[in-house]
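The structure under discussion is supplied below as structure tokens; questions concerning it will follow.
Chains here go by letter, A, B and C, matching the order in which they are written, and residues are numbered from 1 within each.
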Amino acid sequence: MTSQPANLNELVGQHTPGYALPREFYTSEAVFDRDIADVWNRNWIWVGHESQIPEPGDYFLFDYGPESLIIVRDRNGDVRAHLNVCRHRGSRVCVEGAGKARVFVCPYHAWTYELSGELRAGREMGPDFNPEDWGLKPAHVQIFQGLILVCPSAEAPPMDQALGQLAPLTAPFGFEDLKVVHTANYPVPANWKLAVENYLECYHCAPAHQEYSRSHTLKSPQQMEALLPAMYERAVAAGLPNQVLDLTGEHALSPGSEVYYRRYPLYEGFKTGSKMGEPLAPLLGNLTDYDGGATDIVLGILNYFLIYSDHVVGYRFVPRTIQETDIQVVWMVRKDAEEGRDYNSEDLTWLWHVTSQDDERIIRHNQAGVNSHFFEPGPLADMEWAINDFYRFYKTMISPR
Amino acid sequence: MTSQPANLNELVGQHTPGYALPREFYTSEAVFDRDIADVWNRNWIWVGHESQIPEPGDYFLFDYGPESLIIVRDRNGDVRAHLNVCRHRGSRVCVEGAGKARVFVCPYHAWTYELSGELRAGREMGPDFNPEDWGLKPAHVQIFQGLILVCPSAEAPPMDQALGQLAPLTAPFGFEDLKVVHTANYPVPANWKLAVENYLECYHCAPAHQEYSRSHTLKSPQQMEALLPAMYERAVAAGLPNQVLDLTGEHALSPGSEVYYRRYPLYEGFKTGSKMGEPLAPLLGNLTDYDGGATDIVLGILNYFLIYSDHVVGYRFVPRTIQETDIQVVWMVRKDAEEGRDYNSEDLTWLWHVTSQDDERIIRHNQAGVNSHFFEPGPLADMEWAINDFYRFYKTMISPR
Amino acid sequence: MTSQPANLNELVGQHTPGYALPREFYTSEAVFDRDIADVWNRNWIWVGHESQIPEPGDYFLFDYGPESLIIVRDRNGDVRAHLNVCRHRGSRVCVEGAGKARVFVCPYHAWTYELSGELRAGREMGPDFNPEDWGLKPAHVQIFQGLILVCPSAEAPPMDQALGQLAPLTAPFGFEDLKVVHTANYPVPANWKLAVENYLECYHCAPAHQEYSRSHTLKSPQQMEALLPAMYERAVAAGLPNQVLDLTGEHALSPGSEVYYRRYPLYEGFKTGSKMGEPLAPLLGNLTDYDGGATDIVLGILNYFLIYSDHVVGYRFVPRTIQETDIQVVWMVRKDAEEGRDYNSEDLTWLWHVTSQDDERIIRHNQAGVNSHFFEPGPLADMEWAINDFYRFYKTMISPR
């Protein structure tokens, strides 16, 4: 009945650093249960942007695995996150994906919760019932320059120090003034970790992503290095820093507090992640020009962003069941940009639409092969170093305490 | 391989009386296995009415979870129930949902069973084979005023005494002379226990059932009490007793022998469970008038009925898989009533059709929330007292012996 | 986490020889895991005929459970079989079901394998990486008169001696000169063992297979015996041996090395397995006439064939999930026969199409009944002797070592 397998330690011990994870990490229901309870529920999850809920009562839901969160702006104008589970008999309290609410009324027995999560009243619960004890369980909320991060568990990895170091680097992009213009969902019949691993390495970019590889140099570390000095010159001229911030792997301030910032060059002629290199939207924040670069950002362990000069793309790899994952891709531009005049959604989303379709295919085949009893984890390439860091972190999180 | 989890005792011990059940009761496959083997297989299940199988050979199947039962009238005119599992290699013996049979011939190897369940012949089984040893396994059958109850296990909870007490109370309704006029199936993606709990309390009626709450007073115990004396006066005048029979919870004669009878008032102007209060069918049995009441009946732990003055509605919450349940609603009227002339099926079924649709929705959201790792069972309201009794019984049934 | 249940021994011990297997063998995921790892992965599987891959680079995939095999003719003209799992991070290497390849390039990171399975190159894997260590895992290949058998595990049951005895018996049929003209897939919601058991006995033929029983005498051992001498006379005249080879059950040379050959008479007037007895295709191999017989062949434990005078039908019962199995039926005729002129596919496949549809139905009902908690394994009939042998073998294979 306990979801903690007796021999999770044994399984963790079977992994050889520098190699892929053993099959059971992707096929065992007990491991998946740990993935939700020990990894997703205890880490920061990027759920959206403040601009999605500008006014008190505006809310949206974020669901993963068996979990559901209400993200809402309360009467004081603060962003709050609540577990979407009624404290009475457990019903989902809020069942619309997004909207505007004055209170949250459970559809079952009408227990009514304030936007702040407090229980206003437990109807007919008798004189001994104290509503103060039965508010919605809160999730931690951290706003980083408009990006909303939540952590549902009582203890959240500390992020202040790491985000403090990141803040000046991202300041020129004006994240606070972004708006979400498109969200796409790519369901893939694979464990969420295979989707994260796919995102974490560009070893597969050259063979698997033709369009991406025409513009992005990550597929070739040598070419990237060669183009880096010129890009930094342009970046600095455009108002960007020429720094790298790597608080991941051995440099992480604490587990789950990972932060990473690195800008790298696109190929010559590419101002942004567009088909032919042309701009896709107005310059972000205070930028004065296109520098022909793109920034990789990691926040915590589950949240990834790519910052072009004129738009930001966010990525999440949302577990549904053990071998069903939604790759969620979110496109953001500056909030004063107008569709049709300043940007065109189809052009804006083209690159990561075709690239995510490629990824869906290869991740699916990866899971199919890993399911084989004959699968034996092979050696990682140098270009897959970030997967190693992910494994190290992951094993720490799911190890029995 | 054993389906008895080592720590079912531990799980049962985690439940606090007066609170909802912990998550694992609704999410663990091992618990679901116990639910079928220890609760459904060992208790009385209402499967239909004698009028559905008037002649020898008439039969129908009743399926739940992995089980299937044949309910048949044998050559002597008795109703029998058999496990629908061939004694040879286990095939379903009868594969049509209902019909008329002279014998039951297994579709696999033609083992042929009498209506009484006896094996007529085991083709080519050799001289040492004694057909008498290989009849279909019998289920217990109990007929209560035409209602067919079956219990598949070797030992069935004793019902004679409790039903003996119930008999005079229900006699005026003439259950023997009912006929089934409509059966509806509402599939809900939730554990069957959440569907039972939903039926067992009217705390949710006011917020969730607008139509029902216009006519039924159960949603407000105070209003019900206030209208009770006048209803009892009308009930007695119409030929009904003014008694309550509560052999449930602490008053149960033995576990699984629960019987409950209580009539309660509808709101003024409502003769029955109709849209505007108008009659829906001819008066049942010996009733001389509409008393504006409705009777709740419980038989055993799994079977629920609502008796209006002119029709009876039966309810079952049939488990399919751990989180798939069929809410089955069965409408009965007196057998000499004619569709079109005496009743209209659409009007007759309206209330419990819309009410069951509401229930499907709220039970579904209940399961979604209970699936969360953050679900913590909350306190039950006074109006949910019957759930407490159900939990007590349920825990007794699934506890390792 | 280990897929070896602690009490598999206990479960094996619960089986009484001469009776059906207990329920858990068909319902436990842990048992299914053993079925793949210990039975399918360690035995010979018939995957096709050499004529399907006549030239170097021609390949097809064979999938079962979570496994996938590449069967390919290499540059030397030899048939090879490889596990379709990349040695890097486990992706399926080949994703098209059949085709012609010069090399196999993994769709993920472009690791490139020769037709022989050797890794040509591991792109960017650094100086310490030796491609020789990372070829595709090989499966054993055994060609028997054109039929391709593979065994994925490192150790394969020895077949040479048994096939050596079979060779002269099948020689007159000219298996080398067959071609596959039709393959059909009958998905059945049942455990693969129930499908095998169904194939292994003709006790069900009379009640379940009307068409088959008109022409085939297996349903009646007495009638078969009576017609045997005349058939043997015709068989010998047509160029066939009058021998039986039974290297199964107690006569097996080693577990998994089973071979069986027995020819039996069709009813009078039937030259082959056709609707009215008429020929369906040109005589096989060196046969000079129709002898009105049919030969049952078993190769190993998983592969079954029926040889008529003018065509061969092969059968496989391919596990997909615990209760999803594909009955695969493959029709072969001599390779110089021409559709339309020498045979007609619809006539050729008629008998085993209708018979397999019958089998799908009865196997499905078998599984439904076996799922019941009330299922108790019953006694096998004499005509089900081969199931006994299958159980004996099966229990040996899955018993913990």
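In this text, contacts are C-beta pairs under 8 Å (C-beta built on N, C-alpha and C of every residue); 3 or more make two chains touch, one makes a residue touch a chain.
The UniProt protein names, listed by chain, are A, B, C = Aromatic ring-hydroxylating dioxygenase subunit alpha.
Quick caveat: nothing in here was measured; it's all calculated off a predicted structure.
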More than half overlap in residue numbers between the two sides of the chain B-chain C interface, or less? Answer same or different. different
How many degrees of rotation bring the Cα atoms of chain A onto the matching Cα atoms of chain B, given to the nearest 5? 120
Dist(centroid_CA(chain B), centroid_CA(chain C)) in Å evaluates to 47
Per-residue overlap in chain B, given as positions that touch at least 2 other chains: none
Listed in rising order, the residues of chain A that touch chain B in the complex are 1-2, 36-37, 41, 66-68, 83-93, 95, 105, 107-110, 122-126, 129, 134, 137, 152
Once bound in the complex, which stretches of chain B touch chain A? 5, 7-8, 10-11, 20, 23-24, 28, 30-31, 197, 203-204, 206-208, 361-362, 365-366, 368-383
